[in-house]
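Take a look at these structures.
Common to both upcoming complexes is chain A, partnered first by chain B, then by chain C.
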Partner chain A sequence: MALVLSGQGEKASPVLQFARKYCAHIGYFLGLLGFLWLLVLPTQSLSRRTYLSENAMMPGQVDVGFGSSKHLDAMQSVEHHGQDMQKVFGQLGLDSEVQRIDGGGINVHGVLRAPRSDAVEALVVAAAWDTRNGTNTDAVRLLAGLAQYTAEQVYWAKDIIFLVTDSGERGVEAWLRAYHGEGGVLRERSGLIQAALALEMPLAGAYTGLALHFEGRSGQLPNLDFLNIVKHVARQEKLPVYYHGLPDMPGRAPGVEQYLRSARLLLSQVRAQAVGSSVGVHAPFLHYGIDALTVVGLQAGGGRARDLVAVGRTVEGTLRSLNNLLERFHQSFFFYLLSGNGGFSKSGLFISIGNYVPAAVLLAAALMFHAMDLWWRQGPDVTRAESPKDRITRINTYHGFLRSTLPGSIALMVRVHVLGALLFAIPFVVPKVVVSDSTTTGYMFTMFVASVTLMLHLSDSMWNPKVASDWRQLKALVAVYVAWVVALLAVMNFSLALAMFAVVGLPLMLTRAADEQTRWTRGCTLLMLAAFSPMVVLTAIRYLVGSEAVGGSSSLFKTFLSDYSLFGSPVYPLVCLVYWPVNVLCMVIALMP
Partner chain B sequence: MSADTVETVDHDGDKRNPKKLSKQELANALAETLSRRSSSKHDTPDEPPASVARISEGSRLLRILLLGFALRLAVLTFASDFVARNLSMRVELSTPVTSYKRLVEGLYLASHGISPFDGGLFHQSPILLALFKVPYAWLPQLFSDAMYAGTDVATAMVLALIAAKKATLPAFAARPLVPGESRFRCLPSTVALLYLFNPLTLATCLARSSIMFSHLATVSALYFGIGGHIGYASVFAAVATHLSLYPVMLIAPISLMAAERNTPSAAAGQNQTTSRATGIALTLAKFAAAFASLHLLFAAVYGSEYFTATLDFTLRVSDLQPNVGLFWYFFIEIFDEFRPFFIAVFQLTALAFTVPISWRFRKDPLFGSVMLIGVISALKSYPAWGDLSLFLGLIPLYEELIKYMQYTFLSANLILFGVGLAPVFWYLWIEQGSGNANFFYAATLVYVFGQISLLFDLGSAMLRRELDIDYPEARERTVIQE
Partner chain C sequence: MRVLPLLLCAAYAAASAADAAPGPGVGPHESFAEDLLVKPLPDGRVLLHFEFAFRRNHTQHHYHLFPRQLGEIALRYGVDELHLAFTQGNWREARWGHPPSASQGVGADVRARIAGTGEHASRQWRGLTNALSGVFCASLNFIDESNTALPQMAFAEHAHSRAPALRQGYLPRENVCTENLTPWIKQLPCQSRSGLAALLNPYRLYNMHFHSMGMSLEAGASHAGERSEQAALRYTQYLSVVLDPRTMGLGSRWSLSELVGMPLAPACPVADKSTVRILAPPEIDLGVEPLPAEQSKHLGMDMYTFDLKLPDTAASDIELVFAAPQHSESAAGATQLPAVAVHRHVTGHGGSSGGVEATIVNRDSRDINITYFDSLPWYLRVYSHTLEIHTYAAGSDDDTVRSGQATRLHPTKMVYVPAIDRGRPSAMEVALTLPRHSHTVLRYSFDKGFLKYTEHPPDANRGFNIRPAIVSYAVDSTLDPGPLYCTSTSGRSSSGACIARVYSELFLANLATPDFSMPYNVITFTCTILALFFGRIFNLLTRDFAILDVEAEGSKRTKTE
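On to the complex of A and B.
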């Protein structure tokens, strides 16, 4: 406890003196350590091979039967895009229903009633008519064939729901809402959905492998066992599985290339987790706590091509395995990063939470130590006197200082956050139609202008000699706040925590890192902060990385906004309530006397 | 943390034996303290003349209270959906003994002539049933919302009154100050502001947790206690006890307040002890009478099962719904045959602090009460964030101690993280299904540890300040407490 004494410690033990002296250095050291930890992740020294934890799943231990002519006929019955699926499901003997979604769009689902149970649990196989890359008719065909196949079997212990939507994730979200009785009513219901599998098959007819996409809109992940099952079953069909569709390096690639490949895979997951996945319609399921993933047929790369039937047999094997699920997935990991596909073998490489989360914790701790150092160095010099003779003066001065400055610092933080809350609320007040790309750009520009004027106004008021203020105190408070946010995010969504640290924590640490401020360093700091401001960062991502990488629509801000209102993604609130206010506060700190 | 084992240490570090100060030295120190105090009173330029201060202070308090009331009522009325979705059912805010939903259930049963205590669902005091009988049956929702907002605002007002009283009552004002200390005191309106706009208080009020009624009774008891109205204080303490059981601990400091009033400083030796004993005994008797009459009244109206459903329920921890306390996790795991034993151990852990804390801070029973409220908040069987909010609201009354506190950074961060992690882990455990109960309990431990370190710090700050006042030579020494 002696380590964290505030400025009025009674007795300065050697440990405490050391800690006070080197607090700043410890902070930077921890930050560096956290950064190095991140760099170590792709070396796979922290990775382990994935393994099937739930033995009851028994993947690949059954004879698969998909692919008879009857199944192929059922597949052929889906002839064209947008066909009346209710009729198709009806012909197959499923209980089917059409759901019309508010704002256009149709969901059709058919329920296969399990012959051996009483409809308390269900599995979902879903496909959208369209994907971002074009038509997805093959997936719907496959779905029809699987429906025919499953209807013939007698061993299902869970109902199987086949869902076809024509409005992508929005459609699935609407369907799930109705299914759980929140908006609209579905007549043909079943029990609790245990797992969901989304299909995405480019028009090719031949696939060299399967890609798995598994992140939810708020960075939720399905249980690792689910991924393992698919990988295991697909291997038996001679279909290699690639996480995120990133293929392996051929043969024995040199270490550097191994490292880069692993880093690319990890980065792709971090991006998908931080801003929400963009591939597949599985994401809404995760929002409802249902394990889900999307299987995408791959055409690129070498290797023997397999037809749609092989993919169908993979899905069949997966369904058979899921059929064995006794309770919901709980055995294996819920928090993981996948660092390698593991080639054609039945296991990939993963990093469990215990091995990657220390990076984020170290970064948050760096901010915390930074704050402690600043907190200790705030106020007049006499408050740091060590001699017991000055004790009374010291604590009185210190208290007087806090009394005169603390309310101001806290009021400043509250004021900026109230403005952030207003920015947050504005898009929900204006009519939805107005929110287009150009308006969001205009909105962000306004936000930028607002932050500049606000920053100038606030820092100007600080130069008033009547206002008692200390930039160290303000920075310490902001650092504690950011450390808090990063640490809380780290346990929910590691990638988002990293992203927050990169755009908020890092600039904060760099702001007035040196005690002495010249006009020159002040200018540089402001430029740096402007470069890290939401306006610039979001625009830069849009033009440099391409918005395709993170979402369908062209304006990132609009994507975040719609993700928030449709899927409860936390990015938009974080931008308005943490990122923007802290950026403005950093600018104020840079301009304070 | 007892100051009886204090050693004084020279600034060079060589230890001396604890030594007694001569009477002469004490007298000198006292004179010096008093003169410094009066001089410091004169040369604080920013303190306006008393009459001006009082007027602006009163209107400031009024504005704060009105703003707090309006904000609460506005949110409860216009954002009721938001409140219902995000706050009402949070385990961190409402527990089985304070939940609004259960209160409405109890009112419904009562209005249909069924005993609300029969079903095993309603565990709140009959006082609340009486209070909400009319609003529930006849008046719109706005009225009961106004009652909740009003209760919170009334609590803030009583806190402000306590702060004002503490500044004027001879028992407090006659006490010497530490030299160099200007008249540090939180203005009553600031005390109200810090309580009313504490996010935890706000969230508790918006979740319509009935702990607020207990808070109002508790602070009223303290207010009447320091004012010397021991009868009222005992009645309010009895009401608070019926509302949430644990305020029963406060009767110890309140009886010491009575003893203080009964013993004018002029009274001599033997007489003093007996009159102090009489004061304590009388207070206890008044409290017992008030408690018993309330009990008989409720038993007559609702039958004695009301007791099993309320106070006994709190003691036995029969509902193990998770909360931010230490009990639920432990009692889920325990074998049934050990339950009574461990319930006794856990409850005594909280209740046993009553006498030692009250006695150690007997010079200032109000401070003893603040400490006990902190103990209640950390160790009671169904705690919620609302309990902490009262403790935090009381700390500004002792602003002079804040500069003596040494672990503020630590305890502030622990509480901050404890409060932040609880909803996060709840989300991972219950909504997402990827976490488990251990996550949430870990957050609880952080939260409770934060409170305990704050309590510890506050207590030792008080002792150190008393030492500075009583032994002027200790002011320039380092004190190691063991």
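On to the complex of A and C.
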């Protein structure tokens, strides 16, 4: 009853009446504010300098010892790509084991048992034989040298595991699954893994800096302290650290230039967080709640070049610092956006969650107000009558209207979502057919035709005079639903929430933004919605931006699908269960009477 | 005033007389023997195992050599049998072979049989751990009912039918340090002034790879020579340490005093026996200088025994000469590996649930009966129905395991005691027959409980160390010479077979940890939300709206729909 009454503005407080009147305006205003907030982020007015929160880490307070001839000999023992690493690890006195992965490929790992410790914690240093940029033999070489170095020392409080894989992230994921007893057999194990460091060293021998990549497949981030340690230690080796490998401007850059650089760095992070990182093999670790990042050797840019030993000393310093970790990482931030490298200083710039999440919340709130406005304006538009008798009839009519339309609107949403769930399930019912490269395009085309047919069918039924329906009600319900999804995602993965708003929330707000619709505007709306449909967006990214920039493999859809089945990335379910259904619903709204 | 010096002189004379003729001087009811065993390990490290054994006639109430402190504690709390061990570092059986002592799990391990039953025995047990805590400067007072298990099968071999239940308390996070060593040394009759205890140099002992220090007190059967009806009390203190001579800058030839950084002192005067034994495994080509008078075979290895009671050996140093260059780390493990090994790992990730996976290896060519004992604290809520035991032949690789060649193994006997929240830990004992040359995997799952805010230890985010699982089995002495402690009298069970015990690694249980600064924020935040919104929403939900009929206003009020 309250629902009906508030819908018809009875017994409303002055505040509520004001809200009713300006609801639409407030909605647009909040949306604009959210957008402006996003634009402010790269100005660094919301940024702070990074700092080490956990004082016990004490990075860079030890004499590093890596680089003796013995270590170099150990590095030379890795002669060629794909060598038998078990032998190398065995010679260094590590307990090593070979793991064969389902579907081809092997992992080799060696465990350095810490003397006199209780061996309940472990650190991992990982490298893949191959990376996106080619062979990674230098990283494996460095790994062997580090294994030699660590085996000589007695001060380790945690076991150190050296992992070499020939199947990239898939290999690491298989190894972690076996390590955690969730499939596969692994005998040489150690304790709980506290942190993991992945190495990626292009064949050059000389590096002008290090790039850090840290996003997980579902947008998880390692603790900010971990990044700070690496930056701090690398600085002592005169290796500047650049987040995502985006170097700073030499000298003092003008404001605009700085803004653009910061924006580029932020966008790169948002992109990586939203669709899952594709650089380095650290991502699977984050999936298991292990803080991890990838260190990539940089060759471009100015500055003095340093050799592999300097990188080794950086890794050593990082390991020594991680060795001091008394508890698991918990002191510093787990949610952050990095807005600048901070030059060659030991601290970068970051935006904490409190400073960036309002943007997503404002956008979600904009949708919410939009929905509220539509809800109040739904139903038969009767002018406010003063006669009580008329008011009673008016309220009863409205009540009847809700009773007849609400089930239909909700049923429509459910129907489209059931189809979305079907779409979600198809690749798992017929897996081999869909996942191959050539069929993906076909699959997406079928999906497109299906959604157009569905949309036409559904909206056609709406024109039937016997079917009571109101586009405002449907749009209000969908907007509440999308606002809810965006707000929920903002808590877990800010970037994904932004992406969802861009492809789902924004087109929804624009659909029938003006009350009156001509044939011309209807056509434009449909075109716009088609442009925002998953098939077009995914294909456009693939051909316009290049899929390497976002996903990696040739087809984005395929990437999302495999990310979901291998690493539990939420993008594929979101596309099938939210993105596609809402897009279809928007088209239906546009075509409704 | 001249009496005092005179008295002192007399006492000194008496003491030196006792020194001159030690054995009989202390009286027949007490005896003391000290022994150091040096065993080079295949990977270049060296095991030093000190053992100080006391025997005492139970009926005597006079203490001479036997540490009075412990004797009185045992008497006061009705202790039938007591074992205490402090260990740091994992014993790496795949490289080093059998462990030197029966208890080798990381942390502090206390086992006792206490006379009496029920509440009384629990009280006595608490008293005992508190007393021991004082004696050994350790946190043993943290042992209470919630971390005490009462294993029924795992330690049954010593028990006669009327023996009281064995209690085992375990502190997996206890660190061992010199503050524990000092009171330990204090129990010895010569302390560290002479005898083998003089070699206990903390600077070297704690720069080690494995360290275990303990004592055991038990009523043992008398020697055949003594009056057999009289029970004797046996008390042994031992300390095992694995050192790496290479990290001390020692090459292929070094002496014992160089290794421990202390000169070899003369035997403790009141000791009946004082020996240094050097055990050379067959895979190590070892020369000993000077050669002692006594050479024998022990556990299939060459043994050189030096008697420190003899005046000539007491003065000299013992040198070890390795013919082959010191084995590098890559050298294969000991040729004689223990028949049974156990490794236990935690599975799963995240803060809500997990599991335990224990792998028991049988390297022997015969089936072995073992008892697996695992006790988890109450906050890991074990589902006993999830216990799965699979076995597969050793050497089979992953593929055969996956293709289902693993066979299900049924326990011959199983005792499971469920946990009580904040009361007692769960205890699982499984008796199994391991097929020859096999790997047997036990798996079971648990849910992680929520702890109260104040129940978290300091450094709460580290998680909880969980005590090791213990596998015990009877060593077949015809095939396997067995561990060192089997040859000493204390290791033998009443039936004569030696029971070997293998401890697994600890594991770290990560529970959901509150942000300890957060409750205040949460309380204020939640209260604000409630205050602001609850009233409005509640009002809207419960109010019954009615339309007023304005026409009738003034005369009468009617309710319309």
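Definition applied: the second predicted complex is superposed on the first by the 569 of 593 C-alpha atoms of A that agree within 3 Å, B and C clash if a C-alpha of one lies under 4 Å from a C-alpha of the other, contacts with A are read in each partner's own complex, and residues count from 1 in each chain.
Criterion: a contact is a pair of C-beta atoms (placed from the backbone, for glycine too) under 8 Å apart; a residue touches a chain by one contact, two chains touch by 3 or more.
Because the structure is predicted, anything quoted here is derived from the model rather than measured.
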- request: With the two complexes superposed on chain A, say which partner A:N228 touches: chain B (first), chain C (second), both, or neither.
  value: neither
- request: Answer with first, second, both or neither: which of chain B and chain C does A:S96 touch in the superposed model?
  value: neither
- request: Applying the touch criterion given at the start, work out whether A:G289 contacts chain B, chain C, both or neither, answering first, second, both or neither.
  value: both
- prompt: Between chain B (first) and chain C (second), which does A:L326 come into contact with in this model arrangement: first, second, both, or neither?
  reply: second
- request: Report for A:Q220: first if it touches chain B alone, second if chain C alone, otherwise both or neither.
  value: first
Query: So, does A:F335 touch the first partner chain B, the second partner chain C, both, or neither?
result: first
Which of chain B and chain C A:A487 touches, first, second, both or neither: first
- request: Go through the superposed model and pick first if A:I395 touches only chain B, second if only chain C, both, or neither.
  value: both
- request: For A:T511, select first, second, both or neither according to whether it touches chain B, chain C, the two together, or no partner.
  value: neither
Statement: So the chain A residues that chain B and chain C both touch are 1, 5, 10-11, 289, 328, 330, 388, 391-392, 395-396
- request: Report the residues of chain C in contact with chain A in the complex, numbered from low to high.
  value: 43, 88-90, 92, 94, 106-107, 172-173, 207-211, 247, 328-330, 343, 345-350, 355, 357, 359, 397-399, 401-402, 443, 459-463, 465, 505-508, 510, 513, 515, 540-541, 543-545, 547-551, 560-561
- prompt: Quick one: in the complex, what on chain A touches chain C?
  reply: 1-2, 5, 10-11, 90-93, 95, 99-100, 113, 115-121, 151, 154, 180-182, 184-185, 187, 189, 191-192, 288-289, 326-328, 330, 388, 391-392, 395-396
- request: Could you pull out which chain A residues touch chain B in their complex?
  value: 1, 4-6, 8-11, 220-221, 289, 328, 330, 334-335, 368, 372, 375, 387-389, 391-393, 395-396, 398-400, 402-403, 480, 484, 487-488, 491-492
Message: Which stretch or stretches of chain B touch chain A in the complex?
response: 9, 11, 178-182, 184, 402-410, 413, 416-417, 420-421, 424-425, 427-428, 431-435, 439, 453, 464, 468, 475-480
